[in-house]
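Paired with chain B in one complex and with chain C in the other, chain A is shared by the two complexes that follow.
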Partner chain A sequence: MPEKTLPHETTTPEAVSTALKSGAGKPRSLGQDAWRELRGSWLFWASGVLLILFIVMAAFPSLFTDVDPRQADLRGHYLAPPNWSHIFEGDWFGYNGQGQSVYARTVHGARASIIVGVCVTLAVTVVGGFVGMLAGYFGGWVDALLSRLTDIFFGIPLLLGALTLLQAFTHRTAWTVSLGLATFGWMQIARVMRGAVITQKQADFVTAARALGAGTGRILLRHILPNVIGPVIVVATIALGGYISTEATLSYLGIGLQDPVVSWGVDISAAQSQLRDAPHVLLVPASFLSLTVLAFILLGDAVRDALDPKLR
Partner chain B sequence: MGRYVIRRLLQMIPVFIGSTFLIFFMVYALGDPVAALFGDKAPDPATAARIRKDLYLDEPLWKQYLHYMGQILTGDFGTAFNGQKVTELMASAFPVTLRLTIVALLFEIVVGIVLGVLSGLRRGRSLDTSVLLITLIVVSIPTFVSGYVLQFLIGVKWGVVTPAVSPYAPFGELILPGVVLALTSLAYVTRLTRTTIAENSRADYIRTAVAKGLPRHRLVTRHLLRNSLIPVVTFIGTDVGALMGGAIVTERIFNIHGVGYQLYQGILRQNSPTVVGFVTILVIVFLLANLLVDLLYAVLDPRIRYA
Partner chain C sequence: MTTMEKTANVPEPRATDDGGTPLLEVRDLHVEFHTRDGVAKAVNGVNYSVNAGETLAVLGESGSGKSVTAQAIMGILDMPPGKIPQGEILFRGQDMLKMSAEERRKLRGSKIAMIFQDALSSLNPVLSVGYQLGEMFRVHQGLSKKEARAKAVELMDRVRIPAAKERVNDYPHQFSGGMRQRIMIAMALALEPDLIIADEPTTALDVTVQAQVMDLLAELQREYNMGLILITHDLGVVADVADKIAVMYAGRIVETAPVGELYKRPAHPYTRGLLDSIPRLDQKGQELYAIKGLPPNLLNIPTGCAFNPRCPKAQDICRTETPALAPVTEADGSELTGRGSACHFWKETIHG
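Take a look at the complex of A and B:
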């Protein structure tokens, strides 16, 4: 690793300025350091390319296919097998039990998964980060109260809690499903954040900021947050894949997204009974789902390796 | 030790009350059990009011909760809406899921730790890379996909095991479902063990142990593994609750009539007493598993003592 601080021997101002100009000892922030590390990691590029592909697919599905995912032709295409030579055409991945193009449905299904995954992660990071920060910084009864609250929600597994909450809604959209997952997903971030804040709040720079008269809000947001956000980003990125997977599981159990919405979970759920006759109807959306989850996990791994100098 | 256990048990009480109240709130306040009782038909107001009165549903929520908790303390979990006692449902469901969880845990612990140790000791070699790659792939495939595919391949196509489980669910038939249930956790245990083993194998005490000429197997099992197990044990402890909750998916795929099946039916039909009763037991199991993990720390690391 290149040196981060100025060499100690160069005490004269001239030497310092030449060192700065030559760039050899130029101080870099953690973010710049992490970016240098990331640029060299093939995992980062592989997962990044995959994710950009899926995000473009979610935003502009018409770029990939002009077939309507809801258009059904039972007589013509019932469970028709894939036609691998027709790349990017409607019958590339065959047809499902409703005579709908599996390719078109899979492309259009990306949107629901990405929206739910991103929304849940954002909500979880904000809520969990806020709770963890308050608990870690203030300690005492605030910490006791918030930590017990975290324990209470931790007592109920994510899938079970989301199921119980969502059964109360008869009409479920991507937003309600996100709400259900976020309600039982914020605790992990809160714990990570609390631990990180506790180790940082005794640091000299926090005391210095306080001595200079900075208020609590300023200390938390400008001084502590930039130093603890690393592990939170890592946990959140890896968890994003998990939320996408759980959303699909909820849809599979019939308590997630509902039929007019095109989603991988709904399609996999519908395909399970035809697995013996037409495995492609299940395997195609399942592969896309798994690839998305994999891409987020890989990205999280790469970011962790970049942010955590201890592992180098 | 005894005082520590008692203190921990006392600390559990607020968490237990909070978790069960949360479930109670979601089932009874957000959902409407009486409306669910009538299905798609609009309930007759007089009948609905009488049912509400019989089931204490006309009281404020906290009173209903206190009433329910009072009943639980006497061992009465109420009656499911189809007339069966919830305790009867539990007596038939919990042994099945317990067996399923044991199979899954055994698989997770044995295979996960062995794979983790092997790849951690060979960090950076081909075995390590392939184990890392396989665990990543396993983690990213959702249980319901891997479950169906394995059931189809092993159960239907090759006929190695029976694809569905009989009502009594003996251990032999639960091997495939147990493996499916354990897969994701297995991958995590492997990765966690690998990381800690790789870290600890560079520690000074290992170099000392090598230098004084300990045989390799003793070095690995007594010195390296014992010191590396704490994070793994923590994960497995918190995973017990997740396994029993995750059984919802596995039990549905393999048609096992255990806790997950009863919970799923209960949630689907808004059978409130079943849902609240089963989740209450699961919360207790989860809390006790966490306590057990904390006590295991002292066994694994003699420096940790509980006063």
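Take a look at the complex of A and C:
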């Protein structure tokens, strides 16, 4: 295991002890191993930088623009084309059909998209993880019940399910859209979790923990969870990008976020009718959306490579 | 052998405070597994007992029910498919099978602990050994993280892991096989339990390390005056550390004896077969003896004595009547303490 092999000619005790120190001195956990792997991956850095940019944009849009995204000036700016030389200014990406700055709207739209993506992913991980863990660990009728429930939800397409559920809300915000997506999106995590828990619960260390007096809760949370969280994180990160684009799809279909809310989906939806006159109104938010989704998927890929020792 | 006197000069008071009741007594224990192909009878009426400071070796081939008995005692049998249709497991006179799940959980680890065969797979790969050792104190005694860590270092020192302080944060895969087994032993010993069950603790280790680990285990047992149930198929390991031996076959105890006696004069043809199949230096060049046939299918145990299809001494009675574990006596009828044999022809086997 020590990376340094001893040179044959100088096997002094000091050399041995330093070699031992360099090898055995620092314990490496799964997390640390993954971090070493990630540090060397350009995919991780590229997606990471993009994501940080988008997250800062979502948290502090005023850092990027001081133009009000809702301020409309139809007379002056109706579908005005982009002015590429005016970087970071209101007319950088032109104006939309309401005479609003496309740049300001895109910057402010990041928040809704990222909130939806992150919230849905968190909710889905918690709910799916919980269901999958119970089903996998307890087996028997608990598993039968939860697995059939999962199957039933699997039968409903995410988009159709969310569409139907969100119809019931007259006033839709990022939170309601998240709820709609999470309700129909937790099954994949549940399946991954269930499979992983079933494999791990038969491990000897689980029996050993039981034999030394650990209760069910401790076995599940302290002994099994750390061993199964890897694949779940990967699935969740990759899915996050998908949720953002599903939110955009819902908004495009007119059933997601609604107008006072600024979001990429809302803007894409509004831009469709003027695609031929002013393609920039659609292309700018669509590019940002694609980049965000891509960044999350690439990050998920990098994390999977780092967490899965078999791929090394 | 000095091991026989171990119980006599123990300093600990807990050997005497329960006047006569053995530390652990298994009475007529049955365990079966309900499978698709039928009911596999893994344990069919096992009786044994262990006192404080005493080592009982349970000997037998794979599938003889020795590990299942241990799991039943620990309460870690998977039920279903496992089932305990009858029997009693008395710990200090209390039947553990009648206790609630929570009561049993509290006994596990603090009063009865177990050492497993394969330490690598029995330690959680993603938790440091310090955490896993400390967990014993945090769960059972509610110590803080820091105190538990200190106790873990202390324990690692006890089981003679060099540089314990530096290695407490290491992960199981960073230790050698022998060191890992020491950590398993340390975990089992953490709360100074009254009884330790060691399920083939040295099988996964190489021979030199085997001896070290067994010595360590025997020494700690003596120090804490614990009862030890040593499950093994290695007759060599048994000879060094055990006080008494129970030989199991097809879920039943076929012979019990103090350790020296068993090796000198086995009273069951199966035990004789086991002893004859040990390679010996003075038989160099000869073919090694092996018991013919295979262990019985637990779904379909032969009627009568389960060993009859493989037994060189089998008669008609062996195929019809199940022999009970009967006391074994000298040829002149004088008593041999602790000896028993479940064979219709034990007299011929031991004296003939």
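In the analysis below, the second predicted complex is superposed on the first by the 288 of 312 C-alpha atoms of A that agree within 3 Å, B and C clash if a C-alpha of one lies under 4 Å from a C-alpha of the other, contacts with A are read in each partner's own complex, and residues count from 1 in each chain.
Assume contacts are C-beta pairs under 8 Å (C-beta built on N, C-alpha and C of every residue); 3 or more make two chains touch, one makes a residue touch a chain.
Since we're looking at a predicted model, the values are computed, not measured.
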Exercise for review: In the superposition on chain A, see if there is space for chain B and chain C together, and answer fit or clash.
Suggested key: fit
Study note, to complete from the structure: Across chain A, the partner (chain B or chain C) reaching more residues is B
Practice item. Mind working out whether A:Leu250 is in touch with chain B, chain C, both or neither, as first, second, both or neither? Key: neither
Practice item. State whether A:Ala306 touches chain B only (first), chain C only (second), both chains, or neither. Key: neither
Check your understanding: So, does A:Thr207 touch the first partner chain B, the second partner chain C, both, or neither?
Key -> second
Review point. What is the C-alpha-centre angle with chain A at the apex and chain B, chain C at the ends, nearest 10 degrees?
Key: 100
Check your understanding: If you stack the two complexes on chain A, which partner ends up touching A:Ile115: first (chain B), second (chain C), both, or neither?
Key -> neither
Practice item. Scan A:Leu181 for contacts with chain B and chain C and give back first, second, both or neither. Key: neither
Check your understanding: Touching A:Gly215 in the superposition: chain B (first), chain C (second), both, neither?
Key -> second
Practice item. Give me, in Å and rounded to a whole number, the least C-alpha distance separating chain B from chain C in the superposition. Key: 16
**Study point:** Common interface positions of chain A, toward chain B and toward chain C
**Key:** none
Review point. Which part of chain A faces chain B closely enough to touch in the complex?
Key: 148-149, 151-153, 155-161, 163-165, 167-168, 241, 245, 248-249, 252-255, 268, 272, 275-276, 279, 282-283, 286, 289-291, 293-294, 297-298
Practice item. Would you mind writing out the residues of chain C in touch with chain A in their complex? Key: 74, 76, 105-110, 113-114, 116, 118, 121-128, 135-136, 139-140, 166-167, 169-171, 174, 184, 187-188
**Study point:** Contacting residues of chain A [partner chain C, same complex]
**Key:** 1, 24-25, 27-30, 203-205, 207-215, 218, 222-223, 226-227
Practice item. Note which residues of chain B are touching chain A in the complex, please. Key: 14-16, 18-19, 22-23, 26-27, 30-31, 136-137, 139-145, 148-149, 152, 156, 241-242, 244-246, 248-249, 252, 263-264, 267-268, 270, 275, 279, 282-283, 286-287
